[in-house]
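Some structures to go through are shown next.
Here chain A shows up in two complexes: once beside chain B, once beside chain C.
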Partner chain A sequence: MPHLTVAASEAVFAKTLELVVDAVGFEPAGSHDFGAFRAGYDGRLVLAGGDVELRSDGTIRLHELDARWEKLELRLVLELPQLQIGGGCFDGPLGGVVCLPAVTLFRGSPRVAVTIDLAPFVRHELTLVGTPRVDYFDPATSPFTERCQQVHTALDIDDTKTQWRVYCDPQTIDFDPFDLADTAGDLLVDAFSAAIEALLPPGLGVIRDAVFAAIGSIGDLVRTLLDIPDDIAEWLSDLFNVSFGLFNLVLQFVADFFGRCVSFYQLDDPYPVFPATDTLLAVSVPIEDLQATVDDLELVVTANVGE
Partner chain B sequence: MFELQGDVVLDRAVLDDAPVDSTAVGVRAALLQPLAEVGDYDVMALRDGRIRVRVTVTVVPDAAAPQLTLDLAELEDQPSVAGRYVIREGGIVSFAVGHGIRRYAVLVQRASAAGTRTVLDTREHLPAGAMFAVTLVSTGGHRAANLANQTELRIAVDAPQQGEPYSPARPTVVRAGDGGFEPAPVQMLVGQAIVLIADTPARFVVEPPAS
Partner chain C sequence: MTFTDRSPLYAAVHEDGINRMLRHLRRQRPSLFNYATVGFTQYLRPLLCAPIDATDQVLASGQPLFTTEQPLPVIGAVRPIGLEFCLQVTDATVDLHPGDTLTLPPELGTLADQQFALRASACFGLGCPADGTLRNLVAEMEAAAAADILATRPTANPQTSPRSTSTSPAFAAGDSSAPDVVTAGEVICFCLQVFGVGHIQWTTVAGDPEPWLATRLDGLEVVDIETVPPSGLEDIVECYLKQVVELGILPRLIQPMERLMFDVTRMLQDNAPNVGQQVTLVPAAVPADVPHNPAVEHDELRVYVKIQARRR
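And now, the complex of A and B:
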């Protein structure tokens, strides 16, 4: 029979989750070179809400966590096509096709960087099922990521002491992939329209109208420049899910966050029993063999007091 | 949100709606000359009376390229890109100016055992078969004329309407013979080019609407 038994109810877990999610701030950034253009992103993901369910199969279920982007900026840098007028081909007077050189409006490379914030268009829901994992924390030797350190600072967690820590180690994570609405694609087209309009100053007069008429649909131009087969919003979703790999990065972050960074229960080792007085030294006892189990009512932590 | 990067310079010369004359090729104009006979052609571009560009074009029966475009401004700025050009027998050389305000007269001569023969000298009349193309950059009633026979052509240039199919890369072709221009008058959209084909010796001018 263990010397020490501690039980934490679902309500305690829920309160801990509430504190923990408030401290979550995942700030991924990255870029990818597609040859014809370069794409990069800069985001900040936060969590909110969520419920805890302790289950009879020994697992902990965190569900209905809202994963919301406070910022999700997409930056595309590409060369716009040389804007031309005139040119074209006609049937030559002696047979064959004769082509005219077109008139180019600009010298140099009209490169444009377009930045759009897709945060309002993306919302995920997160559900996680995990099992209690006991870890022994030693400030001198335990690995600790910089991101995790920031979270600990935000939560005012004392990382100077050796401790037993109980994490919710994720076994499965359900996270909605990026699925951007058509309005996100419209935002991209609008940004490109503005860039091309800026490239064609009003002083161009009627030629400006002619160039716009020649371009036709800016949406088609964007699809051509970015080699998008059809649906811009679908392409944007694939960009984040696959090309940037942001979907997997978020999963990894969530797994690390709950499984290795923020514990739901911790116990100092050695555990203080009596504080020091004027005449007596402080008394503490070593904690050994800590174990954690879950049933549908509570998390039960047991341990022995060492010699 | 967007940010324009790179050095992009609008070529203001493109917007210069001044009259265009076939004696000198400028940025909105092009001169197209068929080279019917096999042999070497000495091609010169002159500006302010001096030869600025000189290249050789060789016409051979079985060359692949039926057409060659020479950007005279680029050739003057980067003489190293000039070389020996080859086109197919009966092919066409296009003389154009890719940027800037410079205008060039073009002289093409063919050397043979019988001596040197001038094929094209834009300072004089264009020979029959030559073509003069101009991209129109303003709306309204333009006028083209063949000063060699005092015939003229009215050109109505409209702005493209929103949503209307518009293809500026579809030149309007007009033949210029002894009896005048055919078809005439013509209606075009701004940004399109008009091609005047000389069926008789010609000196073309294309003028914008009177302001």
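And now, the complex of A and C:
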């Protein structure tokens, strides 16, 4: 018979996890040089809602958590190649040589940069199945990532004491990859259009249409410059999923968050039974053999008091 | 049946765990189990009835190993003097219902439903003055008594005061406002085995909205004193020890309910304010939710707790 037994119903456990999830965010940022252009992102992902289910096979299922980007800024910087439009001479029908006026665009290959916030266009759902995992935390020896440290600061978790910690260790994580709607592609084209048009020399006047006839639509130009095969929205999705590797980063974050970073239960070891007074030291008892199990109704933690 | 089918939170401590906690408590806070006059911090230290078992940390910290008590007054002394003494609880074991570890003395009967049994060894030591000291004291008391008589005469010297002999080697150094303490030549000890039965209940304390768990003593029996024919001596000792336990030791052992939950709601309570809520713990109602709360049964102390969340 264990010396100590603590049990929490599924409702208590679910509420605890809900609050823990609500309290933190993930703020990834990165950039990548693609040669023809450079892209970077800066985001903040938050988790909310979802259902928690304790299951008879000893697992915990966090179902349909809403993973929402509060911010997902994409910054693209590309160098516009100098374009020569018009010019050239041909023999005139009445004899002589006729030379057309020439327009040089993007002289000096200026850089154009756009930043768009894709947060409204991205929504993920997260489902996770984990098992309780007990770790012994020792501030002197336990590895601790900077990211965990930030989360602990947000949650006001005391990392100065040795503790038993119980995590929901993910066994499977089901996370929707980035799947951006066409409207996100439109936003990108609009942003580039505005930026490029600003670079066109003033007073193009009647030859403006000729310029655009020559270079095609701004969308075409963007596709060409960014080497986008066809669908801009799909290209954007791949950019985040594959090129930036943000999909994997989020998966890693979720795995670390639940599995290594934020324990849903922690017990000081030694456990303080009587606080210190002005003249007396605190009385505390060593905690040993801590175990955590779940069934479909409750979480049960057992432990022994050491010698 | 699950642990939480009657309340969302449940905690239990087995009697083996309680007994280990008691042992840690005795070694880490020896002043809760040892009471003595100030002489036992000095020259009488080796003469304690039982050596005080304390952790290295406690010994190194210099914290008091026993609670300092006033000397035992010598009744009728011409001026206030007292004897050194010590009272030590050297062992304590708890047996929760159904009581399969301790054998209670017949006077306490069978352990009733929801009760716990307690066995402790208590030693009392009295610092008895040596014959020479006593002779000196007699002379001093006679002098003091004589001084009192002389003081009633008109020609009495007002400088003659019973306190004038307070530096006598018959008295141990001490607080000048306290009674003089007679220097002990030896410490005479006797040890008794004490049994008790009691129950555990919720109580409230000023300044904390959440209830605390308190221990109540229902009966106490000393098994080593027998007089033929039976006399009040055993009753007197039992009465006194009962006061020591109920007024001295048990009030210091009350525990807030939160600590009994072993922090299972810490994460919940710490983070509820982030979403504008305050979470408090309340005991499950008896008998609406559970038949007994706290419950002392199956060798465990069990508590059933509900959660109340309200918007701040």
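Here is the rule we go by: the second predicted complex is superposed on the first by the 268 of 307 C-alpha atoms of A that agree within 3 Å, B and C clash if a C-alpha of one lies under 4 Å from a C-alpha of the other, contacts with A are read in each partner's own complex, and residues count from 1 in each chain.
To be clear about the criterion, contacts are C-beta pairs under 8 Å (C-beta built on N, C-alpha and C of every residue); 3 or more make two chains touch, one makes a residue touch a chain.
None of these values were measured; they are calculated from a predicted model.
In the superposed pair of complexes, A:Ala29 makes contact with neither chain B nor chain C. Using the contact criterion defined above for the overlaid structures, shared-chain residue A:Ala7 touches chain C, although it does not reach chain B. Looking at the shared chain after the overlay, A:Val242 reaches neither chain B nor chain C.
In the superposed model, A:Ala48 makes contact with neither chain B nor chain C.
In the superposed model, A:Ala102 lies in contact with chain B only, and not with chain C. Taken together, the two structures place no residue of chain A in contact with chain B in one case and with chain C in the other.
For chain A in complex with chain C, the residues that touch the partner chain are 1-9, 11-12, 15-16, 19-20, 22-23, 155-156, 264-268, 271-274, 279-281, 283-286, 295, 297-298, 300-301, 303-307. Chain A makes touch with chain B in their complex at residues 77, 79, 85-94, 96, 98-116, 191-192, 194-195, 198-199, 201, 203-207, 209-211, 213-214, 216.
Taken in their complex, chain C has these residues touching chain A: 2-5, 8-14, 16-17, 20-21, 24-25, 28-29, 31, 57-58, 61, 63-64, 255, 259, 261-268, 270-272, 274-275, 299-300, 307, 309. Chain B meets chain A in the complex at residues 1-11, 14-15, 27-28, 30, 32, 34, 66-67, 69, 71, 90, 92, 94, 96, 98-99, 129, 131, 133, 135, 137-139, 159-160, 162, 164, 166-171, 173, 175, 189-193, 195, 197.
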